[in-house]
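So that you can tell them apart, the chains are marked A, B, C and D in the order they are listed, and the count of residues begins at 1 in each.
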Amino acid sequence: MGLISLATFFPVLGALIILFIPKEKLSTIKIIALVFSLGSLVVTTFLWTQYQYGMIGINDESQFQFVEHLAWIPAFHIEYFVGVDGLSFPMVWLTSLLGFIAVVASWNIPKAQKGYFALFLLLDTAMIGVFVSLDFFLFYVFWEVMLLPMYFLIGIWGGPRREYAAIKFFLYTLLGSVLMLLVMLALYFNVQDPVTGGHTFNMLHMMQQSNHNSWLSRFDVRFWLYLALFIGFAIKVPIFPFHTWLPDAHVEAPTAISVILAGILLKMGTYGILRISYPIFPDIAKYTSYALAVLGVINILYGAFVAMAQSDLKKLVAYSSVSHMGFVLLGMSVFTSAGINGAVFQMFSHGIITAMLFLIVGVIYDRAHHREINGFGGLAVSMPVYAGVASLAFFAALGLPGMTGFIAEALVFIGAFSVYRVLTIIAAFGIIVTASYVLWTVQRVFLGKLNPKYESIGDINGRELFTLVPLGLLTIFFGIYPLPILNMIKVSLNYLITLIP
Amino acid sequence: MEATQVLFWFIAVVTILSAGIVAFSSKLIHSAFALLATLVGFAAFYVYLGADFLAVAQIMIYVGGILILIIFGVMMTHRIYDTSKRTAHNSLILSLLGGAAMAAILGMIIFRSPWTATVFKTLKPTTSMIGTSILTNYLLPFEVISVLLLGALVGAVYLARREEDEE
Amino acid sequence: MIQLESYLIISAIVFVLGIFTILYKKNAVGILMGVELILNSVNLNFIAFARYIDTYINGQLVAIFIIILAASEAAVALAIILNMYRDRRSVDVTKMDEMKN
Amino acid sequence: MIKLALFIWLLPLAAFVINILIGKRLPRKGDWLSVGAIGISFILSLIMLYRVLVDYDPNFLVQGSVPWIDLGVLKLNMGLYLDNLAVIIVTAVSTVSFLVHVYSIGYMEGDPLYNRFFAYLSLFSFSMLGLVMWDNLFGIYMMWELVGICSYLLIGFYFTKDSAANAGKKAFIVNRVGDFGFLIGLLIVISTVGSFNLTTIHQAVGQGVLHGGLLTAAGILLFAGAVGKSAQFPLHVWLPDAMEGPTPVSALIHAATMVAAGVYLMARLNFMLTFDAMLVVAYVGGFTSLFAATIAITQNDIKRVLAYSTISQLGYMIMAMGVGAYVAGFFHLVTHAMFKAGLFLGSGSVIHAMHHSMEKTGIHGDPNDMRQMGGFRKKMPYTHITFVIFSLALSGIPFFSGFLSKDAILGGTLAFAMSQSNPIHYLLPTFGFVAAIITAFYMFRLIINTFYGKPKNESLFKHIHESPKVMTIPLMALAFLSLYFIYTIPSISPAGPEGGWFTHLIERPISAVATQLGHPVLFIPEHTEHAAHVNGMLISIIFALTGILLAYLFYYWKKIDVEKFTQRIKPLYALSFNKYYMDELYQATVVSGLLLWNQMLAWFDLHVIDGIVNGSAWVVRNFSFMDGWIDKYIVDGLVNLVANMTLAFGKSVRKIETGQIQNYILGAVLGAFFIIILTMI
């Protein structure tokens, strides 16, 4: 068993152990969850130190790292095939990091802790699995495994409308999964394994256009398959107009789950497009790129505008995610080096920043038990440390230089401008709107006269700081010195865009 | 008739009679003890059939385990003083009718089938063969049955346990 | 030499007695005994076939599993019976009709 | 040199990091850390300036850079670009910053967030120094945003006041509007030139890589950033509100340094401005200078007067950049930094005194309000004298620094107008000269109202006293720096900066656009320039004196009744007093419009997009309901018929079903028996 598998399955091992611990032993359960999620983080961090920066990946198995390639269900040519490249590794690391942070953040979850942590660790494994799998079937399995814990985590531990949100989330993403399943099967039956001549689920084989049979080479077929796959991923991103599950799910989910939802799950949509849709259907990707760019711009502006109108803090952050994911879409729609690197960097950066934002909302919700923006005011007086950390996160969200969001957005703009000039200018308008809603929010929550209700509200505690500070340091570190990430992703992504005709 | 055959038929009669007692006795405790005789008789048949391991297993599991359990069951569900009390029965006629029907079916099958004892093996100890088999060809059923046994065990303990707040 | 049919007949008789026991008794423990009789008769059949027909001892192996099964069944059944008795001070199966209708 | 610059740049950052984290626990709340850091930076910058002066070479340049982002295709390096311009402005920034730091020790004393104030000041110094030293537009843009956020934090420093919080937000967002243009300009540059490096851009523009309309557009868009940051019309609205911040902040950020960043940017990018772009720059600047000056006349808040004055002066500088008076514009940036910072610190000193007096007397009111002051001359001698010096410099009176630079700008503008065939360009010098009168007028209105005459509020006046030394010494230092000879050494002629070190070291860079086109962008003959300069000087002296005279007539000698006069020009007065209703206009159009638009979109999202989703769910549900109805009454009807018959039959036979398993077994056995019988026979 290789290190990648270890990182992937380590959390679920913890989940199994938790199942055997009586539910009364709360602290044992929590510590096990903590240890196992930390274990995964340690392994991925170790992998980072072993990472070879020059290797490309994408569609060549020999260029992947930490590959494990075993037969799994030979009768259906299903393999256990995992490995990482520059596209997936930042996401893997981010996932294990946020998994750990989220465990700490859910320390005081109010009920049924045993089930919560077991499901959470299962979710953790599934998420890492999605990012490392290179076999489509394996990918699909992890993708589905991820859904169920998520459904329960929202549906059981969520807010007042949790059932509605959970069902909505589940149905939406299930629709996406079904479309993905169709495409997967279509590919399975129409792609030939170059070695054995049989069918294959191997993504890398699917990426070789020479392995496609004549049916799969038809433009209309490819177009519809791409579209189906795209909708499957678009729901996850979420791309306008498939985004309405997001605010509901976020608002109802417990803090840690919102962190995971926004930090990792949203990235899976764009990751899927980059990992699967682009290399398998490069011609269609090119053909539909303008539409994708337009959707990206709509996401940016629409998300920002709607965010500004929200009165629920968590909803605002949720819509800001829609807006920020628009940058990813815009960046990856242009097939320029800066654009696509910016897009992936934005995925990483948004993962960290939005996690911080949701944690911050969680902190205040734990104390005030509501999230009405207008119900706060002047909190900087009674919670100075919290206000400081929160301002940092909000500034990161508005793309302040010196933090990751700025570099990502700048790269996206640089990449997109040379291709779609007008669209980019429209998108750049988003930075004004973003600044407006972020500062307006900061003002309504933290500035002004202190709402007398919250005079004696406690400042952020050590545990909460512990969840926020590492993320804050990361945004600043990679905002000043982005090379570690960019060097990792650029090799793979620069190669990826050469695949697009 | 050889001595072994005489012995065989003697055992057969004893077994069947005790099985009859199990069936017809109105006192449960008598049934239980008759069952003991039946089970021992069966063990004897196993010896005749060259199944040495099974004979021992029969004695140990059935007689030593199950029967004791049953007797415990009898004891615990009947106060000691009324172990001799007649237990109520269903309709004798209908039961006999059912038994007769079953007997007819089995009889018909037995007598109408052309039994050809094709193989006649020399008797030899079977323990090692059984051991080899359950770890090779019968490994999966063996494992499954182990889990089942474990499950049954846990289930039985759980069911029979008194709830703390019950009494 | 003892014929195969001898065993089959003995087994059949015990089986029939087992069936009769199940039908006749109202007492749950009694019924359990009937079941044991049936299982034993089946076992006898298996072992007899293993001796006379099979080239290997598959019958014996099946018998082993049946014995184990019987043991589990007896344990669970007795546990249920105990519970039943504890609940209603009776082990009369004809009175167990809560779930009727 | 590079190392020196790095130290200058990074020391304040270190102070910021330490102060924001543990400042509260340090002795004296860590002010010495920030002051010390900027102090060392100040000394180091003097060393740097000294080296430049020793070199005395107009083409002095030191560069150094490291790779920062490398995507293979796109490479961004970050580095320092130290030419004379940078060195001088670094020195100016660190000087003012240092003095303001020192001043703040006195001014901010006792503030609950004392340590945070110094931390922010340090962060600002760091960002501002970076802004003027970096060698590429991207780096400048980054620092540009950072100074913006510092400005946001410091304006909103008294965040419990709603007005302060609003002002901070407004400043940042209005700046973002300008930055939007800046960003697009950057994108045009990177997509054509492929680099942000100033030298590379210079070469590329010279070679014609970026040319024609796109070049003009790039210039204007980059200028949009400057419009935001330097508070030019129509994005000037944030600066007056920014006066909600503590006064040292107003002095440092909103008078001397940050707002001048736009001018700095225009100076840096002067080489790539086409003639059309320059016209836009010049007219925006010129118009702003007059526009803001007219508002400053009627304001009663001492700091707001200064704020509008700043806008007006920044307009001068921008206009200078637009008319090719590069040296003059930049010169004015430096001199203005000194005396405007001085003015703000002086007003801070007054406000500080007022504030304490109000605390003592228990009178509630606005300490910034001129109508509460008067006669402070005797109580605050140092503040008074320095204030007058600064005002004279600002009004452009000879022997003070402002005279040199302002004159040069007006002369340059006049020369521009004279060299153009289109007479409409005489508008520009007109703007400038009219603004000059008004400037002199409102400055002396301020001085007379504050320091002369009778105290308007005796009880307050009683408790007014001079500020501590830590506050007056920076004032004196700045007053010294507002004297003309500082900038004219080795020449001591008060008539103009020619022959001084400043004009020697700063030269207008060779225009890349000119290289590209093959002819100068703007040709101003030597003799025109000379004539314009002499005329400009005379006119401006006369105008400045006129302005001062008018102020004395109105407010000191009271020869003209102010009340009556304002009554006669009431509409104009109202217009000026209400800042031409710009804020209200923006509020009514942009802000309300945006909010309404957001609400609409949110409604759209909730009811239309989500409505479609829920609607499809509703359709499915109702379809199944309808289906259920059909099922229930038609399909099921038939079934029920059958079922009822079965039921009737079943009722009769149900007695067989006892629920007793034994009965079932019996049945099963008998059934099996019959089957066997049937098959066997």
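By our rule, contacts are C-beta pairs under 8 Å (C-beta built on N, C-alpha and C of every residue); 3 or more make two chains touch, one makes a residue touch a chain.
Worth saying up front: this structure is predicted, and the values here are computed from it rather than measured.
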{"item": "Innermost chain by mean C-alpha position", "value": "A"}
{"item": "Cα-centroid distance, subunit B relative to subunit C, in whole angstrom", "value": "6"}
{"item": "Geometric centre distance via CA averages, subunit D-subunit C, whole Å", "value": "93"}
{"item": "Subunit A and subunit B, separation of their C-alpha mean positions in angstrom", "value": "63"}
{"item": "Averaged-CA centre spacing for the pair subunit C and subunit A, given as whole angstrom", "value": "60"}
{"item": "Set of subunit A residues in contact with two or more other chains", "value": "none"}
{"item": "Set of subunit C residues in contact with two or more other chains", "value": "19, 23, 94"}
{"item": "Per-residue overlap in subunit D, given as positions that touch at least 2 other chains", "value": "662, 665-666, 669"}
{"item": "Every chain pair meeting the contact rule", "value": "A-D, B-C, B-D, C-D"}
{"item": "Contact set on subunit B toward subunit D in their complex", "value": "90, 94-95, 97-98, 101-102, 104-105, 108-109, 112"}
{"item": "Residues of subunit C that touch subunit B when the two form their complex", "value": "1-10, 12-21, 23-30, 32-34, 36-37, 40, 43-44, 47-48, 50-58, 60-61, 63-65, 67-76, 78-83, 85-86, 91-92, 94"}
{"item": "Residues on subunit A engaged by subunit D in the complex (per definition of touch)", "value": "168, 172, 240-241, 243-244, 302, 305-306, 308-310, 336-338, 341, 378, 380-381, 388, 395, 399-402, 406-407, 410-411, 413-414, 417-418, 424-425, 428-429, 431-433, 435-436, 439-440, 442-443, 446-450, 482-483, 486-487, 490, 494"}
{"item": "Subunit D to subunit C touching residues, read off their complex", "value": "659-662, 665-666, 669"}
{"item": "In the complex, subunit B residues that touch subunit C", "value": "5, 8, 12, 15-16, 19-20, 22-24, 28, 31-32, 35, 38-39, 42, 45-46, 48-51, 53-54, 57-58, 61-62, 65-66, 69-70, 72-74, 76-77, 87-90, 92, 94-96, 98-99, 102-103, 106-107, 110, 115-121, 126, 129-130, 133-134, 138, 141-142, 145, 148-149, 151-153, 155-160, 162"}
